[in-house]
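Structure provided below as structure tokens; questions to follow.
When the chains are written out, they are named A, B, C and D in that same order, and each has its own residue count from 1.
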Amino acid sequence: MIVVMRSDATEADINAIQERLAEYHLKGHLSSGEERTIIGVVGASIPPTLREELEFFTGVAQTVRVSSPYKLVSREFHPQDTVVEICGNKIGGNHPCIVIAGPCSVESEEQIMATAHAVREAGATMLRGGAFKPRSSPYAFRGLGEHGLQLLAKAREETGLPIVTEVMTPTDVEMVAYYADILQIGARNMQNYQLLEEVGRTNKAVLLKRGLSGTIEEWLLSAEYIIAQGNPNVILCERGIRTFETATRNTMDLNAVALVKRRSHLPVIADPSHATGKWYLVPPLSLASLAAGADGIIIEVHPDPDRARSDGGQSLNFENFAALMPRLRAIAGVLDRGIASEGCTGCGCHRSQGTRDA
Amino acid sequence: MIVVMRSDATEADINAIQERLAEYHLKGHLSSGEERTIIGVVGASIPPTLREELEFFTGVAQTVRVSSPYKLVSREFHPQDTVVEICGNKIGGNHPCIVIAGPCSVESEEQIMATAHAVREAGATMLRGGAFKPRSSPYAFRGLGEHGLQLLAKAREETGLPIVTEVMTPTDVEMVAYYADILQIGARNMQNYQLLEEVGRTNKAVLLKRGLSGTIEEWLLSAEYIIAQGNPNVILCERGIRTFETATRNTMDLNAVALVKRRSHLPVIADPSHATGKWYLVPPLSLASLAAGADGIIIEVHPDPDRARSDGGQSLNFENFAALMPRLRAIAGVLDRGIASEGCTGCGCHRSQGTRDA
Amino acid sequence: MIVVMRSDATEADINAIQERLAEYHLKGHLSSGEERTIIGVVGASIPPTLREELEFFTGVAQTVRVSSPYKLVSREFHPQDTVVEICGNKIGGNHPCIVIAGPCSVESEEQIMATAHAVREAGATMLRGGAFKPRSSPYAFRGLGEHGLQLLAKAREETGLPIVTEVMTPTDVEMVAYYADILQIGARNMQNYQLLEEVGRTNKAVLLKRGLSGTIEEWLLSAEYIIAQGNPNVILCERGIRTFETATRNTMDLNAVALVKRRSHLPVIADPSHATGKWYLVPPLSLASLAAGADGIIIEVHPDPDRARSDGGQSLNFENFAALMPRLRAIAGVLDRGIASEGCTGCGCHRSQGTRDA
Amino acid sequence: MIVVMRSDATEADINAIQERLAEYHLKGHLSSGEERTIIGVVGASIPPTLREELEFFTGVAQTVRVSSPYKLVSREFHPQDTVVEICGNKIGGNHPCIVIAGPCSVESEEQIMATAHAVREAGATMLRGGAFKPRSSPYAFRGLGEHGLQLLAKAREETGLPIVTEVMTPTDVEMVAYYADILQIGARNMQNYQLLEEVGRTNKAVLLKRGLSGTIEEWLLSAEYIIAQGNPNVILCERGIRTFETATRNTMDLNAVALVKRRSHLPVIADPSHATGKWYLVPPLSLASLAAGADGIIIEVHPDPDRARSDGGQSLNFENFAALMPRLRAIAGVLDRGIASEGCTGCGCHRSQGTRDA
């Protein structure tokens, strides 16, 4: 921590800082110039609120944090890439990129089965589909609930594709974890701390979406919440942030993908469907995501986007998805990574799973 | 809903729209000009996803929503002001403005009692204090939990001040509602829909803070979630939004206060402590909030802000709070409202409450 | 400046920093802790790019600026309020608040004369009106040019109201300064540096609007540009910033008004017309502006807002303006300031001015 | 234009709208539903302010614009790609992508010559370099002026690389156009309309950067300003927008690149140096820009970034630039475009040019 004094700060002001530091057994190192003095305070034991407190002492111009507020997710303290393994597919490091595809919502058995087979055939790595949907309006369709999860499990059984699906509230974590391979935390829940801790207590991988107004630092701190509970298998997902621009649904922040790969050891994927909100922007931004260094993408695919019960406008149909895959492979090839398209490689996840009480 | 066709749309494109509308027993009214055709579709039974769907039909330039997505909170359908009554204090309409004051977190009995007495003496209407604190870092202080609620109840018993406190997760609603007079939904939870529905099933008033990146429309939709469960006693609270400006913690949006008073019948208060993040900006922005039409303010007061366990930098000490109150009264006087400073007027809330199992 | 080293920085990394500092005859003070070392560098002679340069040295985690980048506008170095005097009216300090009123654009002699008389009668301090209008579309009305300025001068002659009008390009400064009492720099030109320097070379007061995405620091730096040319008479004007919220034209940032009054000695006024974009929000936000500490407001008034050639939707008609004035006086009274409503007190500005060649 | 009436609008309210429309010889088509009526108004002759005016009529809920505000830049009215030709290099369409490289500022003959040769050798298409630099602080280095332009011309003469350089004020356009091949309009000047019109009257290509808070629509309207003066050779440049995220200098908006390619026929390039602000993010975001569909990139390269007089932190050194080029070629190859690296193909621009009076 650094305390920058005002140019008119007195010796008494500086002494008051030193006395407050001494209460915590800390000591400030003074650097004095013509214009002002700065006080450096180093040590692992600085309490988190002390900096904010000193900010408002007399004679203080500003205080500056020096340590990063996260540790477990930081590449500075953990230089090697975290590699998350799902049914034999490795995510992160220099492993092949993954493509997670499927509908926004699971709507019916017919819909999810058709989609699972279509994306499997085109070469997707995993299947996505929402059974619990957060919707801004209380009057919108909110998903099929546990029945949707059962349909996803059935689709996995038939196709071998591991399943990614969202969990919205702590009391649902156990149920969703029973069916899913990756638990998705949606953008609106990036700072739902009870939920983060609950998924941190499972042994399932977690896909943590960035919040609409989540800074990169806050996003990493939310990952820290999960890992601090003992679950290291966190995959970050950039899905667009809210800005002044309204011509697209959100503003995709690919700077964040590249920066987080540098600041953290966690895998990072991108979601061009939510980040753009328009199906015709999904292909170029999917290619751009891989080129920017993402470890994969997650995109929405629907048999008949015009009749989807949610997010139809940003979903690819089967034909457009099939046309995109070779282009993704070409980009991933140039980057020496390729696309992982094995589906489950034998971990047993595609067993018949039945319902929870079965 | 309005469908705007591209200038190169064909008759077949327009027919395709009409056929899709007919599936829902709707009919489009055509207006054709030199440059393009627009199709008006009116009717209460338009399904919510139809507009988004049509947006991507061939020949369509854009679609426009006509109806507001909320009904219960809209002044258009409910012109009279909602007045929420807490222990005899009326909030909203042209009733006197309220001042809710107290620490960010309940830290100890001594701290909360001292604060309750000080703000009561200076003329506050209610007491605030957090027992459950959402914090970006997993390593920060997160409140005393139920013990904090008991201390708040004790402070109410001694001073007669009704209590406002945050609830963060659905499973805590019953417990928090046992102690509190107003349930606060924090900014990070504005779109935690399970939580909104859970407080909507209680009979306690709800203080709904606007999210950091919540639009006014989304904020009202979140209120709609609560009211749709049967609880009409929602008080909105503007607490600053996230923008590019970093010199203040957030950007206080007083436009929103004035606009929401016009668009909705719900009471609206303002939180200059979080909206500014700096104690010395709290007094001017408190005055500005009332002048903009807020039905009250909620501000942080602490016996020793320099040693607060959270948000010290934005808390007023007792002296500064006492100095602010007469200025608030003067502004509220000019607006013909005054400040409500009765505390509980005899509803019995300040009975000895004990713990839940008592 | 402070250089924060990474936890894995080597002694060689630190020496490289010291050597680079030595090239500028600077010396770093080291503070070493368990986790990392920080290097404090103090001195008025630090070149502005050095910090950015060191940021990218090996072993550096981040660098932090300590000195504020502006001097002339800073209250730290110039504690007394700047008071700008226009035709005998004093702006800033604790002098009465000013109300500048008038149409967005000067449209005709009849329009500007009627408005000047109406706002004078209701108690306005000065007259605004645009002769040169920046418009996003090349097809929109862009003002009457010099003829508009002559009409403003005529209105001043008749009413004694000093004139505020915008200048958009360096080559027009001389012409506009010939007619106007205050030169307005519009939001889009906050960082048009040639224009800032040109008005800095005149002896007219300058009203500097904040840019749509201008930070408070950048805004003050733009004021510094003007003052650095020798013209100290700068009045800042908050007019709303661009955020994600689209329900209002802009987001009025009254935090900025209060903060700038603390950081700088310059007068600050507010523009609720542009900040809200809706005439019915102008009255509450005008009151809020004064309550937040603004030294005045500038608002749009038009004889027939429905037929205005620009910004009609945010203009008050005469009746609404006349109804607002007593409410402004009441708020300003509570703040012990009042409203300045003398118009020109005899500086001779309301002489017949004729055209420039006369 | 569409006028949406409130649910409580009366027949008189609707008639008042119709009467106002009739003044402009327009007629509204009514669509009435259970809840409300909407009025469609079509016709090319709707005056631009009429919509805003009607928004505030009694009984009106909102008005909606139907026509796009720009014509000349719109792909709807001009489906074929505009291809800008510079010294034989074609930009736009499916022509090879361009790479413009060079220092932020021209600092000395040695610096610009070394850079020109280095980027030429690595395969750049054109040379960038600033002679006039907009800087937030009046105390920062602002470029060498005309001498810088002469050095650029000399570098072109030696290497054959066409030159891109910024012009900041209308009175400098003639001078800059004398030396440059492409006139750059910087982000801060996106809405400096006099400047846009002045470059619109030249026959030089214009590189129009998007403003920090410029919407896509405003950006296209600014291009419309230039083209409306008779100069069709506009190249758009995305360079990052200002958002709440502060971990990178700006937020690169690649959604905008892909969307503008669809909405407009103009070429679009991207500037990852300014969009990220960190040299180590430039390579991944350069690759991502091409993958998203950009027609080229413009990046900063400096012989010794640590000692650059501006923007050193975001500049590549020669080695990093040379390492990036083959990767760009690989991505462009996958997209079937390649990189244009001919430099001038014989238009004579690399003649000895001398000074203007020569």
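Definition applied: a residue touches a chain if its C-beta (ideal position, glycine included) is under 8 Å from a C-beta of that chain, and two chains touch if they have at least 3 such contacts.
Treat the numbers as computed from the prediction; the structure is a model and nothing was measured.
Peer 1: Starting from the defined contact criterion, work out which chains touch subunit B and subunit D both, please.
Peer 2: A, C
Peer 1: Where the centre means the average of the CA atoms, what chain is farthest from subunit B?
Peer 2: Relative to subunit B, the chain with the farthest C-alpha centre is D.
Peer 1: Any idea how many Å lie between the Cα centroids of subunit A and subunit C?
Peer 2: Their C-alpha centroids are separated by 40 Å.
Peer 1: Measuring centre to centre with CA averages, how many angstrom lie between subunit A and subunit B?
Peer 2: 27
Peer 1: What whole-Å value do you get for the distance between subunit A and subunit D if each is reduced to the mean of its CA atoms?
Peer 2: Their C-alpha centroids are separated by 32 Å.
Peer 1: Among the residues of subunit B, pick out those that touch two or more other chains and give their numbers.
Peer 2: In subunit B, the residues touching two or more other chains are 213, 242-244, 246.
Peer 1: So in the complex, the part of subunit C that touches subunit B is made up of which residues?
Peer 2: Residues 213, 215-217, 240-241, 243-248, 250-259, 262, 275-276, 278, 280-281, 284-285, 287-293, 327, 330-331, 333-334 of subunit C touch subunit B in their complex.
Peer 1: Using the touch definition up top, name the residues of subunit D that touch subunit C in the complex.
Peer 2: Contact set of subunit D toward subunit C: 20, 48-49, 52-53, 55-57, 69-70, 134-141, 168-171, 188-189, 191-195, 211-213, 218, 221-222, 224-225, 228, 242, 279, 305-313.
Peer 1: Please give the residue numbers of subunit C that touch subunit A in the complex, ascending.
Peer 2: 2, 4, 6-8, 29-38, 40-44, 61, 64, 66-68, 76-77, 242-244, 246
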